[in-house]
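Mind having a look at this structure? Questions to follow.
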């Protein structure tokens, strides 16, 4: 394992310390916690809190800023943060009009945020929760816990954050978030694994000529393992899966996100973007906007994901609102 | 049967098993999860040990509540709230009893097993820690007298039974049929908990 | 070699295509070239052109936008672009008040930009060139070609871009760029190599427990190869080298950049940032602002660099001016 | 001596050597540079080949100018402008001569070698392609008659002499004394160019 760290079991403390110092103008660490909050809140606004395991940077602290999140709760590597920490975040950002929790659909996250919500409600803070489940690699059947939340989560932060900044009520903010959730779909792939610092070993093994389609952002096994194909073939395979699942068709309008998983160079993400564009053009699906970069990573995993968000006037307008979050400036 | 001292020993021994098997638990989670169960449990039970060693209690229930709150706030992931809930329910069920005898403990374990299922929206057979807690609690209730040896054996068998199950809850459920053939990590950590209990009661 | 590409010798064409589509609102590819230019120029402004080999993304196209570059010329992987392409960029952005070329100090870049400048001057376009040489790992002696240009280049883009946007003359813009160049210093390290797609093999080899201090952004050998140390030790070693070289001392004010080389997770960059902060605080050097992320990469190389820019009122004010460049929004 | 046909053959053969040794040139550049010299030369000379095969020329100078412009716009890096300058200067020096005889070619090579040095601000002994061009041009000027065999030998020896040099120009200069022991990549590609010329003139 080659990493620039100190003690493997202390990476989160070390990271959060350096994180808080990286953006002192906007961020503040809530003392005694691993919560990064906005220094100055927009008065009276509905609060937006997200978070999850670490290792997905810039998620979620990178999305803390005016127009997006009010606080991000930082868990251990790939491990949901605990209810007490989430509760601290909720208390810190609530201004009397309630708080929306944006949670990625993993058992751990759902349970911990749920319990934090219960703690908050017990203290009279109104809390609502939305669960993002954009990863179509997982079948959404009765025999699974449903789709995972992956890179599409960033669009939920953006639309919910913008809606809240406009002065909307908790229910309205929740409705915008849920609308975004129903309209966003993602699928990823990997070329090589990541290493959880305290585990010290790669999370899975792929042969030199293999790739894994449908991988999760914690190295969860995907739907298919096969020989590496060309950028064009991979881009088309993932996009076609998303199109099929989403029922997007000619005349629809989407926002595209090509998200790097960690060690895939931006060069390759741009190459993928070219092919996704070609395919969408061919199908007469118009592209409203494009995001290429690292938005939801998996430590140093090599690979990428494609996200398509179907947009309408409301979503486009919410995406266009200003955001001061470092990792998603608008 | 379960005195405050024994409850303390129980946590101490559990912590030892967890620390000794940190890598093994993580490996189990690597096969069908996200490679952190050993890390999570190790972090959590180390804190439990620190907590209960230094504190003094006037009933077992209070100790169990500390265990619950510590696990809840230190473990994270899926297992944190589930173990936390288990100990919280156990604490409530045994509250007010000077000595936690076999019957009171039966109620405590049943409450814990049910707590996990409610919180996790899960039942037996879904390849989760429920598959250790649920049969263990049922078995306990049926015994005239708890044999430490049998307690360990029942827990072990329950853990091993998860190997051939297909996961429908937790992270392993993404793997569907590919989850078969691996022991569920949460069941393995639960097994260590009951193995430690057996030794304390022996 | 595991990469999401098509033909290894076609990566640049594929990338530039996908790049131009990634930011259609702001970027435009000059037809028949690998130049990404601002779609709408600020009228009458002195033009700023940079560029270099590819593989350093987001450099340099990511810095094209109002307030920074007017055009970036994209070379083959790790290979300076050619004079004809640079000349096209100069012609496209000149508005009668001349063009500043921001060049990283490598023989190839210097020669090609120089020749492009000669072509432009022959057509009556005024061109000035500044050469960035912030990498203190190279001794600046008569027996070398001088220090390499690395991540500090981004600050030169920013200050020159801001100055030009304020309506300054070519000489004034050049003076601001040169001032930045004299005040910026960087040093990097690597844990693992990168692979040039068409070469297909790692650029160097490091043992599982080795790191290389003073590495260049093309995998050029560094000053020392040794056992991996802790994040704190590495951060302190690089920072101390920079402090020594720059003569920065108590009371001085700096901007810090922690730059990821490619596959190093942001988590590790934040950890490094914490240690750099501690060390600078200890030395009573105050930190005006901090940038943590990927600004000047080396494909999928693992490692990072530290850049310190000594700031005064003018530089702080230029850094604070608005920038619409995707990779450096202010 | 160098007719249009022979100049065309020269470029054709050079391209063959470059393509065949693309990996080798890149390896040399991997040792003391940035692993792209073979790639750069291969891209450039393939374009040269395409260009001069399809065009028709009425003097050698025009062909050499096409070579120069193609290398300049297709190679990039340090070697692109340097090779480009070499052929441009050669083209100018041999201009107006129906047949490029040995003396005219001597002037051409000398102009080329000087062009590289001016553009690169370099001289012999700095472990660059100058260390092939400069001795080769000097040697040529001194010959009564050019022996193809000797031409190849001189170029080869010049290339090999770079092995023990310490680089003070180009990317290899970062390595200082560690650059010793490796042949300079640009000298190797220059050697192939003169080896091809020798074969064409034989």
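Chains here go by letter, A, B, C and D, matching the order in which they are written, and residues are numbered from 1 within each.
The rule is simple: a residue touches a chain if its C-beta (ideal position, glycine included) is under 8 Å from a C-beta of that chain, and two chains touch if they have at least 3 such contacts.
According to UniProt, the chain labels map to these proteins: A, C = Dihydroxyacetone kinase subunit DhaK; B, D = Dihydroxyacetone kinase subunit DhaL.
Predicted model, so just to flag it, every value in this text is computed and none were measured.
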Contact clusters after notional removal of chain C: A, B | D
| item | value |
| --- | --- |
| Whole-Å gap between the CA centroids of chain A and chain C | 28 |
| Separation of mean Cα positions, chain D and chain A [Å, integer] | 53 |
| Centre distance in Å when chain A and chain B are each reduced to the mean of their C-alpha atoms | 32 |
| Residue numbers of chain C (touch at least two other chains) | 77 |
| Pairwise touch network: line, ring, star, complete, or other | line |
| All touching chain pairs, where touch follows the definition stated at the start | A-B, A-C, C-D |
| Chain C - residues contacting chain A, complex | 2-6, 11, 14-19, 21-25, 54-55, 57-58, 77, 191-192, 208, 211, 228, 230-232, 234, 258, 262-275, 277, 287, 289-294, 297, 299-300, 302-304, 329 |
| In the complex with chain A, residue positions of chain B that touch it | 26, 30, 33-36, 38-40, 43, 72-82, 119-120, 168-171, 173-176, 178 |
| Partner chain B, residues of chain A touching it in the complex | 9, 53, 75-85, 106-108, 111-112, 114-115, 138-139, 143-145, 148, 196, 198-199, 201, 203-204, 216, 218-221 |
